[in-house]
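Down below is the structure, laid out as structure tokens.
Chain IDs A, B and C follow the sequence of writing; residue 1 opens each chain.
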Amino acid sequence: MKHVISADQFNKDDILEILNLAKKMDEILASKKVCKIAEGKILATFFYEPSTRTRLSFETAMQRLGGSVISTSNVNFSSVKKGETIEDSAKVLSGYADVIALRSPEIGYAARAAKVSAVPILNGGDGAGEHPTQSFLDLYTISKYFDLEKPLTVSMVGELICGRTVHSLSKMLRNFPNVKINFVAPEEIQIPAKYFHEGDKKFYELTDEILETSDVIYDTRIQKERIAPEVYEKHKNAFHFDVAKVSKMKPNAMLMHPLPRVTEISPEVDDLPQARYFEQARNGVPTRMALIAYVLGLEV
Amino acid sequence: MKHVISADQFNKDDILEILNLAKKMDEILASKKVCKIAEGKILATFFYEPSTRTRLSFETAMQRLGGSVISTSNVNFSSVKKGETIEDSAKVLSGYADVIALRSPEIGYAARAAKVSAVPILNGGDGAGEHPTQSFLDLYTISKYFDLEKPLTVSMVGELICGRTVHSLSKMLRNFPNVKINFVAPEEIQIPAKYFHEGDKKFYELTDEILETSDVIYDTRIQKERIAPEVYEKHKNAFHFDVAKVSKMKPNAMLMHPLPRVTEISPEVDDLPQARYFEQARNGVPTRMALIAYVLGLEV
Amino acid sequence: MKHVISADQFNKDDILEILNLAKKMDEILASKKVCKIAEGKILATFFYEPSTRTRLSFETAMQRLGGSVISTSNVNFSSVKKGETIEDSAKVLSGYADVIALRSPEIGYAARAAKVSAVPILNGGDGAGEHPTQSFLDLYTISKYFDLEKPLTVSMVGELICGRTVHSLSKMLRNFPNVKINFVAPEEIQIPAKYFHEGDKKFYELTDEILETSDVIYDTRIQKERIAPEVYEKHKNAFHFDVAKVSKMKPNAMLMHPLPRVTEISPEVDDLPQARYFEQARNGVPTRMALIAYVLGLEV
């Protein structure tokens, strides 16, 4: 049985297979035809923490495949409150559904669920741990515009110390040796050593050089609560993307963001050709369709 | 692209087209046949405030059409809590769903969403603003028993100062010049000047004359919190509908209420022929089916 | 019109009919074929209290039948908060859905809803009252391994004073005179007199005799808040099921639990052949499919 728990479990061939499947799913979506690939199958979304975006895109994906959904968006109100373990929840849910998408506040819950579940588990984010389905949609977004096998410069900007999206994405990009990674963040929230590889570069300011030479800039929110107030005040403008800065990017470069954004990108940037973050969000649908099909072994 | 944001956007022809569509939807419902008009389409319900009635009737409508639903009933727990704007939420959701029903606590959110959304927006109530899909179901309920083109007396009773349902309904009724409107409420919560037109009448008591001459009485809840306690105490009984009062209405007249009611109508009234408020609630389904079909341009 | 409100409404023939229907549903599930028995039908789940397990298994059941679902998992946030009665909620919901599954915090809500609803009501638990659909899944689980018409010893263990699952189950078992019931609990939380029948036995300790002679042990959570702390401390270990104790059970005996469990059964017990509680949970699906088909009169 296949699960999607961590970026670590996928090699280059797996990744390319899934990206290719996502492309096929995009063609199905574009055709506007009714798809019944997953007819009669049920996805359970089981979210300890609310997350509109991730939950709804999983549920959209399953329904676009012709399947149906049972949904829990705030588990803390229910059986878990009574003290149920993630193992018990997973065993019960796997008696109902054919596949489970799980979001949890703590690292390791998805792996623990996968150990006992009778059906595939899709990790929809486990605390400060991993968020592999987000990484697949990020990779898929990049792959629509760039060949991952050819030289490519990806700069990750903002909150790098705790951000599970950049951690998972950087791990996946290691499968593509021509991709160069820059980590751009104030020192206090720079990338942890274990994610920093030989050949990577660290920057502490968002310089013109980064703007001008990156093919992909992956921006994330600087979370106020994880950084000293004076550090936040010092950097918040330096790391703010406005039209002037984004216009310095190459015309075919892309600015990504996992959303929701708060103040880190001006709304005016949305109209620039480099702004790809809403398209990126939308890519959650074909990518999660692909991942559901992948773990369920559906014929596409 | 069509949206349903405000009562202002519909002229008489639009209204009649939608009421006619609702009638066809009622026939589909009555036939008990499986309908696939919206097969493969997804409705997103995105409710900042919980509203069982409105949300469930939208979701019922979409499923009766053969489509499916992604649902968020309490947005405050999720991305919005992190500071996402309605514009960003609408852009993201419109990458998932084919049509979005939105309920928000503040005026103008639906219009702001419509400006940026890639798919139609249905305003499911925006604070003290508008609630046009409610007005359509109200109008549809009236139109099942009365010809809107002929002389008709509609009395709106109760909370008129802030009630978005009566505001939207009164606007729509302006398209039918033979409809006479009475506004019946204590002075403190009477209809705002901008909704009061030449030919309308104001009353400050629920008199026998109103009961005996109205074809339609549209009652709403007097919300304690919007009125001084002594005014509430003075009027609460005067505006209470019991069997004695409702029996004074014409036999074919109708008593409507947007529900939920609390104390303003006695449960015993439910059995009288004039009581139409549960039928009115049920009409939310064919009406919202019609509105979904209208904005999506579905073949009926 | 049929409702499922109380264990009292079912005689032996009804019960056997429903268990037989559940067996057919299990065959449909095992066949992995797409089922359309309830296509076009809508189940409303209306839960005042959150209950992941019960709600999701109802929703799974309806979708496995090919129907669809409208869902409210925390009614307190919505119209009920505005003061709506259960009668009004039921009248409105029955204008939307074809069948309603209701969970309420207070005894009698399901019966009140059934009195006014235009569609069947399934009682998904009403406070300390009844939980008949749970009893059917419990009975179905027992009936898969034992003939209810032949001699059988069922021991109910733990919280017996307020536990609606044991109350409803004991009532249903009265239809099968060869079933002997033991009630095993500290005196403070023993079975109320009205559920204790001639021929039943009471025990105040979980003895080897009970372990060795029972065909079915139905364990429930001892709820700390319903018992004096010193009583809880005294009994919590005595009523704890570990591998040593469960191994004393007959090889073909079964240990059941309505879940969620907290500390009353060690996770290591899960691997023993007597452990049937996850299978029991899974049986919620075919049983609730059967009950939906039963009240809707669906052809199976």
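The rule we apply is simple: a residue touches a chain if its C-beta (ideal position, glycine included) is under 8 Å from a C-beta of that chain, and two chains touch if they have at least 3 such contacts.
None of these values were measured; they are calculated from a predicted model.
Asker: So chain B and chain C are the same sequence; what rotation in degrees superposes their CA atoms, nearest 5?
Answerer: Rounded to the nearest 5 degrees, it is 120.
Asker: Check the residue numbers that chain A and chain C use where they touch, and answer same if over half are used by both copies, otherwise different.
Answerer: Result for this pair: different.
Asker: Just give me the whole-number Å value for how far the CA centre of chain A lies from that of chain C.
Answerer: 39
Asker: Which chain C residues reach two or more other chains?
Answerer: As it turns out, chain C has residues touching two or more other chains at 68, 71.
Asker: State the interface residues of chain C toward chain B in the complex, per the touch definition above.
Answerer: By the definition above, chain C touches chain B via 39-40, 42, 44, 46, 68, 70-72, 75, 77-85, 87-89, 91-93, 95-97.
Asker: If you look only at chain A, which of its residues touch chain B in the complex?
Answerer: Within the complex, chain A touches chain B at residues 32-35, 50-53, 56-57, 59-60, 63-64, 68-69, 71, 73-74, 259-262, 267, 270, 278-279, 281-282, 284-285.
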